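We just call them A, B, C and D in the order they show up, numbering each chain from 1.
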Amino acid sequence: MSKYQHIKQTAYEANMQLPKLGLVLFTFGNVSAADRDLGVFAIKPSGIPYDELTPEKMVIVDFDGNTIEGNLRPSSDTKTHAVLYKYWAGINGIVHTHSTYATAWAQAQRCIPIFGTTHADHLTTDIPCAPPMEDNRIIGDYEYQTGFQIIDYFKDNNLDYKEIEMILVGNHAPFTWGKTAEKAVYNSAVLEAVAHMAHLTEQIDNYAPRLKDSLIKKHYERKHGPDSYYGQ
Amino acid sequence: MSKYQHIKQTAYEANMQLPKLGLVLFTFGNVSAADRDLGVFAIKPSGIPYDELTPEKMVIVDFDGNTIEGNLRPSSDTKTHAVLYKYWAGINGIVHTHSTYATAWAQAQRCIPIFGTTHADHLTTDIPCAPPMEDNRIIGDYEYQTGFQIIDYFKDNNLDYKEIEMILVGNHAPFTWGKTAEKAVYNSAVLEAVAHMAHLTEQIDNYAPRLKDSLIKKHYERKHGPDSYYGQ
Amino acid sequence: MSKYQHIKQTAYEANMQLPKLGLVLFTFGNVSAADRDLGVFAIKPSGIPYDELTPEKMVIVDFDGNTIEGNLRPSSDTKTHAVLYKYWAGINGIVHTHSTYATAWAQAQRCIPIFGTTHADHLTTDIPCAPPMEDNRIIGDYEYQTGFQIIDYFKDNNLDYKEIEMILVGNHAPFTWGKTAEKAVYNSAVLEAVAHMAHLTEQIDNYAPRLKDSLIKKHYERKHGPDSYYGQ
Amino acid sequence: MSKYQHIKQTAYEANMQLPKLGLVLFTFGNVSAADRDLGVFAIKPSGIPYDELTPEKMVIVDFDGNTIEGNLRPSSDTKTHAVLYKYWAGINGIVHTHSTYATAWAQAQRCIPIFGTTHADHLTTDIPCAPPMEDNRIIGDYEYQTGFQIIDYFKDNNLDYKEIEMILVGNHAPFTWGKTAEKAVYNSAVLEAVAHMAHLTEQIDNYAPRLKDSLIKKHYERKHGPDSYYGQ
C-alpha cells in the first residue's frame, strides 16, 4: 500500500464533497490534501468525472509541482496548489471551483463586501479579489504564476492567510484553503453562500452599508480566538 | 429516561426539517422547543452537523439560559431563545436560520413589504426588520441582548408577537417563533418564500405598490380569526 | 366504491405533481378535476399536506360550490374553481399555485410579455394579469368573486379561455386550466418557466422587444391548429 | 436488430442526460446522434416524455430530413438538425434545449460576453446570438430555415463551427453541437452555466469588462490545441 494512502483518501473524500455541495459542474473543480512531513500533496487527476474518482486515482505531487506517484496527469491547476503549499506553511488543504456566485464576483473583479454576520462568522474583511494577472505572468508559467498572484495580493494588502482562507482571482474563479482539506471545502461552500447573499443584498438596497466594526468583531470572536464559544 | 424526552424529540424533529426545507447550510441554524410547565426548552447543540444529531444530543436549558441537562454545549444563540421564551409566554418554539433571501433583506436592513396574498395569508404587516444593535449591546452579553433587540422592537412599534411570528435582525438574519416548534419551522420556510417573491416583485416593478388593506384583511381572516375557513 | 372514484384518482394524481414540479410550498396550491356528465369536480381538501393525501381524501363539489361527498373541508379556493367550471364549459381541470416567479409577476401586477418561442409554443398573447379585485368583491364572497374577476377579465379583453389557459390575479397568484387536470398542471409548470425566463430577459435587456407576430404565429401553429406537427 | 442500433443507443443516452442536467422541462429539448458512413442520424421522437423514452423509440432520419426508420414522428426540430449535419461535416451530435438562462439571453437577442475563464476554457469569442429570422424564412419551411439561419450567421461573421460549438437563435433558444452527441450535451450544460454567470456578472458590475485577450488565449490553449494539458 502507498505510504500516501491517507492523503489520497482525504483528497478523494474532499473532492467528492464538491458535487454534493453543488459547487461544481462536470470537472470544474479540484481539492488537494497535503502531508507536511512527507512534503507532498494528493490532488484530483485532470478531467476525470467525479463519479469515476477513487482514492487510488489521486496523484501525489511535491511542493514544486513534480508528480511523485500516480499514473494519471494531475489537475491542470496543480502548480497553483504547489505554490500555495510551499509559501504558506500553515495550510494542508486547497480547493478550486468555478462555483456560480463566487465566480460571478470574480468576473466582475470586485471584492465581496462584508454585509452581515454570516460573512463575519468566518472573516473580518471583505473577501479579497486579486486583479487579473499581468500579461507576462499569463504568457509564462500560468498556473504557477496564479499562485504568486494570490500570495502577492495577500502580501501587498497585509492580509493574513490564516485569517482569510479564501480569494477570488479576477476574471477567473475562487480558491480557498485551510488547515485541512475538509475545512477548505467548507470554506468554498461558505464563500458561495456569502457571494449569493451579497449579490442579493445589493439588489435589495443598492447602497447597503457594510457591517459595522463592532458586529464584525463580535461575530468573528464567537467562532474564533481565545474566548470563542461556538461549537463543542 | 429523561423527563425532558418529549421536548428533545420535538426539538430534534424540528431541527431536522431545516436542511430538508433548504433553510440551512452546514450548522447555520437552530430550533428549540419549550415545555412551559417544566420551565425549560430543548435546543440544538452548537456546531453539530445535522446528520449527526439525535434526540439525546439536544440540550435542556432554562429561561435564564442555564444548562439543565446535556453533555454538549448548547447553540451559541441559546440566550436569544431564552429571552424570547421568558418574556413572550405564548410561544413554545423558536427558529433561527441564515436562509438566503431572508438574510439578504436583513443585510439590506429593510422590512419586507407586503406585496401579495402569500404574505397576507400569514401576517398583516410588512415583515419587521430590527435595526442592527447599538454598540453597547454588542459589546455586552450579545446573544442575550439580541433577544431584547427583538422584544424592544416589537414593543416600540406596537407589534404583537402572537400576530407577527417572525423578524429580521438587521445585518444578521431571521428569527421565527410559534405556539409549537413545528409552527416556528413552518414560519421560517414561509418567510424565506415571501422574501424571495418580494425581491423578485421589486425587480419586475421597482415601484410595485403594497397590497391594499381590504386584501390584507381578507386573506388573513381566511386563515386566522373567528371566521377562518382554511384547513380542517 | 364512490361513483366519483375516477375524478378523485385524477385529482389526486394531478395534485401530487405540484410538489414534484417544484410549484408548491407546504399546501399552497390545489388541483381539481371535473366530470361534466356528473356535474361535479374533485378537489384537494384544505390544508392537508401533500404527503398525507390519498384519492379518498379528495372532496366532491358541484359547480355551485356545494360539497357533495367527502368528510374533509374542500380547498379554500373551491368556489373559484366552481365558477370557472360553471361558466367555461370546455375545461375539466383547474390548478391554483403560488409558484415563485408567476406569483412575483402577479404581485407586480404586470402581464408577462411574450419574449420568445417557449411562450409562443403555448399562447399567442402576453400572459394576462387581472387587476386586484375591487373592494366590494373582496368584502363579499371573495373566492366566488375571484372566479368572476377572471371571467370578466377574459370577457372585457376579448380573450378566449380555450386559447389562453392561464392568468395571474393581481397581488395574488396564478390560475391555470385545461381540458384535463393533467393539462392544467402542465400549464402551471409552463407558466412558471416562462415567468422565470421573462424576468431574466428584462434583466439582460431592460428594453427587450416582444416577439414579432410572424414568429408568434409560426410557433403556436406548430403545436396547435389544423396543421400542427408537434407530438405524435 | 436495426443496423442503426448504435446511434439509437447513443441518442437515447444523450437525451436522458438533459433532464439529469436540469436543461429541460417536459419535452422542451432534443438530442441527435449521427453516423456519417450511413448518412443518417437518430433523434428523439416528438413530444414523448423523457421517462417513456427507450433506444427503440429513436427515429432514424437522413440529412435531407426524411424519416428512414421508426414508427414515431421525429422531433419537430428535425430539419434544423438535418441542415446542420448536411453542411457541417465535422459534427456528429446536436442538442436543442430551452434551458433557462441561455434562452433568456436569446430572448434578449444578445451575444453572451466573454467575462471569464469558465467561458474561455471552451471558446475564445462571445457566444453568438443569431438575429430572429426574417419573415420570409419563418413563413416558409421554418425548421429547415432555422438551420440556414445558424449556418449563415457563422459564414457572415467568419466563425468556425469547430471552434464555436454553440449558438443562440434570437427570440428562440440555444443549439449546441460537437464531434459526439455526448460532447454536444456537455456544451449545452456549459452554455447554461456560462449564461448564468454572465447574467450575474452584469448585475454585480453593469460595466464589467470583457476578458482580456491574453487570458482568453491561455485558457483556451490549456484545453485545446497542440499544447493542451487539460484532461488525460
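The working rule: a contact is a pair of C-beta atoms (placed from the backbone, for glycine too) under 8 Å apart; a residue touches a chain by one contact, two chains touch by 3 or more.
Values in this document were obtained by computation on a predicted structure and should not be read as measured data.
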| query | Comparing centres built from CA atoms, which chain ends up most distant from subunit A? | reply | C
| Same-residue or different-residue interface between subunit B and subunit C, half as cut-off | different
| task | Could you grab the centroid distance between subunit B and subunit D? Build each centroid from C-alpha atoms only and quote it in angstrom. | result | 46
| message | Could you work out how far the Cα centre of subunit C sits from that of subunit D, in whole Å? | response | 33
| query | What parts of subunit B, by residue number, touch at least two of the other chains? | reply | 203
| task | Examine which chains touch each other and state the graph shape they make (line, ring, star, complete, other). | result | ring
| Each pair of chains that touches, named by its two labels | A-B, A-D, B-C, C-D
| remark: Listed in rising order, subunit C residues that touch subunit B in their complex are 25-26, 28, 45-48, 72-73, 76, 98, 100-101, 103-110, 132-133, 135, 138-139, 142, 171-173, 199, 202-203
| field | Residue ranges of subunit C in contact with subunit D within the complex | value | 115-118, 186, 189-190, 193, 196-198, 200-201, 203-205, 208-209, 211-212, 214-215, 218, 222, 229-232
